[in-house]
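Listed below are the structures to be examined.
Same chain, two partners: subunit A is paired with subunit B first, then with subunit C.
Moving on to the complex of A and B:
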C-alpha cells in the first residue's frame, strides 16, 4: 500500500527521534482539524471531520425500537463503519471489510462500554421512552472518504461531533386502554432534545516508532510502526477504553507511560474539538 | 397526485425546464490521482480516479489498451431510510456497469496499454438523478487525473408527468411511476453515449423528452468547462507563471 524506500524509512525514524516529523510537526502535535456539522440533512445528526488528509463523515439516525430484556431502561446504539473505495483502491468491493470491522469494534469498545451497558461514554438511559417497551435506537454510520492515517481518532471525533449535532425528536405517549397493549406514540416534528455529549470520550492513538511515540500518524508513519495503543479518554480524564494493535510486544511500564501521555494530549484535543464543534454549529445556524 | 401545479410550478418550486442547482469541486480526495464532488440539488456524489496504474491481476491486463474499472457505492445514510446492505446489490452493479461503459467510450484507452484505470463513485446523498451526477463527477475526476479523453461526457435526466416534460427529476418525481429518461452525451460532438428509460412513452413525446435531457446535458457541460478552466487557472497561479 505505502511503498517507502530505505532512505525514506530512515528519514521518518530519524526525524521522530529528534522530535521533527516529515511535515514539521512535533511528536505530540495533531494535524489541523476541521469540523463541519449538519452535512447530511436527512439524518438526525451528522458531521464531517478532517485531520490533515484523512476525511470521514459520521451520521446519526434515530428510530424507535424495543429495548433488550437485559437492559429495559436503556436505549440501543449501533456503530457501523464503511471504508469507501474512493479512499483507496484496495477498499473496492469487499476489500475494506476487514479494516471496517476492526474500526467498528474498536469504536464500540471505546464508546459503548461493556456487555452489561455499564460505563458507556454515551448516556443510554437518556434514550428511554417507555421502560421495557419503547426506546430509541441510534444508528451511527461512518464513512471513510479519504485515508491518510489515524482513522480511529478521526472517527471518534466525527462521532462526538455528530452526536453534538443530534436532535432526538420528543415523543408524546398515549397509553392504550389496557396496560399490556402497545401504547400509541406520536413523534413530534417540531421539538427536539439535543443529545448530551459531555460524557462522550475522544480517542487518542499513540503510535510507537523506534523508541518514541507520536500522535496522529500519517499513513507513511503508520507503515513504520512497531505497535500502536488507542486510548479513549473523557473530559474528566478517565480512561474509557483501550486497544493495542501491532505485533511488537510492549513493556507494561511503556504502556502506563503511553496512557499518561494520552491523558495529557486528550485535554488539548477535547478543547480543540469543542471549539471546532461550537464554531461549526454556529456556522450551520447562520447559513 | 399533482406534480406540476396549474401555474406551472413543480413540487420544489422549479419550472418544468429548470434544472436543480449544480455545484462541483475538484480535488476533494487528496490521495487519489483525480477526484471531484458533484451536487445536483440534494444529490451529492464524490468520484475518485486511480490510474493509470499497473494491473494487479496479470491475467486481466489487455495488451493494446487500458482496462477501465468502475464501482458505484451508496453510503448507509444516503437515502431517507437507512440502507442495510450498501454494496454488491444488483442496482449498484448495474449502475457500475453503465458508468464504466459510458466512460470507456471517451477515454483514449489505446494510449495506455497494459494499465488499469479505476473509477470509484460514492453517493453521499441520493435525491434522484444519482446516475447522472455520478457520470458528471467521474468526468471531472478523470480530467483532474490528467487521463486523456476525446471529449467531456455529461449526463442529465428528464421525465414526463401531468402531460409536461420535466427536466432533472428529484426522488419524489422519479418515484411517481412516470417515465424517466437518462441521457449521456459527448459534449463537443453532440453524440449520445448513454440512453436509458423506465416505463413507457409515445414516440413523439419521447423525442421531446430526450431533447430536453440533451439540453440539460449541454448546460452541465458548460458548467463543467467553467470549473475546469477555473481549476487550471488556479494551478497556473500556484506554479507562479
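Moving on to the complex of A and C:
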C-alpha cells in the first residue's frame, strides 16, 4: 500500500509515542476540516468534506417508494460508497469493491442504529408519507475522490453535512376513495422540508499504533496500525455503533478506554463540524 | 407456498415476527420465547469431522441455529496471487435456500464473510503456512438467530480440527438489548425486535478481543455490562469447545 522504509516507520511510531506526529499534530488532534455544501445540483442534498488530503463527496437523493411490509411506518435509507480508481490505483476492481463494501457496512452500522430503529441517526418514521403505502427512500451515495487515511470518519462527516443540506420535497396527497390501492401524490417542487440532523452521530476512529492510539490517521500512519476501532457518538454522548478493523486482538479494558476517549473527542468534533456546516450553508445562500 | 395453506394455520409457518409479542419485550420481566433466563445461553452441540473430504470440519447446533463449516488447505495459492511470505485466509459464508422462514437466495453472504475473515485472521498463525491459502467455507443450514457468532465459533473449531496453527480458539457471543434488558445469545425473534446488539469475538485464554461490532444506542455503563457478559460467555463456550476437541482426539486414538 504505502511504501515506507524502516527508518520512516520508526519515525512515525516514535513520534506517536512522544505525542508529536510527522505533521506536527498531537495524538488527538484532527487535520483541518473543510466543508462545502450543495455541490451537486441534481441531488436533494450534497456535501464535500475534506480532512487534510482525504476528500469525499456525499449526495442524498430522495425517491418515493413503498415501505416494507415488516415496517409499514418507516421509510428506508440506503448507504453506498464508491471507491473509484481515480483516487488511488489500488481501488481498481476488487480492491476498491472490498473497501467500498466494508465502508458502507460500517457506515450503516454506525448511522442507522439497531433493528428496531433505536439509536438511529436518521429518524426513519419522519420519512413516512402514507403508512404502509408510500414513503421516502433516501439513497446516500458517497464517492471517494482522494484518500489519505481516515476515510470512515470523513465519510460520516460528509453524510452528516449532506443530510443537513437535504430538502425533502413536500408531498400533497390526493386521497381517493377509501381502500384505494395507490393514492395520487403531488410532489411540490417549491416547498421543501428541512431534514433534522441533530441526532446524526459523528464517527471517531481510533487507530492503535504501538501502545497508543491516534485520531484522524493519515494513510502512512494507517499502514503502521495494529488495529483500529471506529466509534460513532451522538450529541448526547451515547454510543451508536462500533466496528473494529485490523487483525490483531485488543484487551477488553483497552476497548472500554477507547470508548471513553472517543466520547471526549467526539464533543469537539461535533462542535467543529456544526460550525463548519453552518458556515458552508451560509456561504451557499450568499453566492 | 400456495395461497391455500393460509386457511390451515397449523401447517403454515410465517416469518417469526408476531406483532402482539412486541410489548412484552418492553416490560421489565418478560419470559423469553424459549423459556431461557436473560443471561442463559442456548445449549451448544458441537462435533468435529462432519465432512470427510475436508481437512477439517465442524458442525454446531445452538438451538435452531445449525451451521456446518469445512476447512480446506493449506493449499497452493492461485498463480495470479502475488508472492506472500505469510499464508492467506479465504472465508466464505453462505446460507441454504431453506435457512430462513422466507425462502432465500441461498447465495454468499458478503458481509458475514468479511466479518468471519476479520474475526479469524488475528488468531491464526499465518506465518506457519507461507505461499499457501486456507479456505474456510461456512454454510448456515438453519438460521435461528445469532448466526454469525455460531459461524465464527464453529469455524475456529473446524480450523483446530484441520490442524491449522492458532494462538487460541476463537469464540463469539452476541448480546441483544431489548428495552431495559440485555439478552444473551438471542434467537431470530428477539433479534428482529432488538434495540441494539453487541457482538464480541475473543480468544478466551489470551483475553483478547479480535472483533467486535455494536449497533443501536448505548450508554457507557451498559456497554461495560454487555462486554463483561459476552466475555464470560465466551470463556465458557471456549471450555465447551475445548472438551469437544479433546473428546474427538481421544476417540481417534482408541
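Criterion: the second predicted complex is superposed on the first by the 279 of 287 C-alpha atoms of A that agree within 3 Å, B and C clash if a C-alpha of one lies under 4 Å from a C-alpha of the other, contacts with A are read in each partner's own complex, and residues count from 1 in each chain.
Criterion: contacts are C-beta pairs under 8 Å (C-beta built on N, C-alpha and C of every residue); 3 or more make two chains touch, one makes a residue touch a chain.
Note that the structure is a prediction, hence the values are computed from the model and not measured.
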item: Touching partner for A:41 - first (subunit B), second (subunit C), both, neither; value: first
item: Touching partner for A:193 - first (subunit B), second (subunit C), both, neither; value: neither
item: Subunit B versus subunit C as contact partner of A:245, first or second or both or neither; value: second
item: Subunit B versus subunit C as contact partner of A:70, first or second or both or neither; value: second
item: Partner chain(s) touched by A:28 [first = subunit B, second = subunit C, both, neither]; value: neither
item: First (subunit B), second (subunit C), both or neither touched by A:148; value: first
item: Partner chain in contact with A:130 - subunit B first, subunit C second, else both or neither; value: neither
item: Subunit B to subunit A touching residues, read off their complex; value: 28-32, 35, 42, 46-48, 50, 69, 71, 73, 75-77, 80, 82, 86-88, 118, 120-122, 124-125
item: Subunit A residues touching subunit B - in the complex, by the definition given at the top; value: 39-43, 46, 53, 55, 57, 59, 61, 63, 80, 82, 84-89, 92-94, 139, 141, 143, 145-148
item: Contact set on subunit C toward subunit A in their complex; value: 15, 17, 110-111, 114, 118, 121-123, 177, 191-197, 202-203, 206-220, 223-224, 227, 231
item: Partner subunit C, residues of subunit A touching it in the complex; value: 70, 98, 101-102, 105, 109, 112-116, 118-119, 234, 238-245, 247-252, 255-256, 259-260, 263
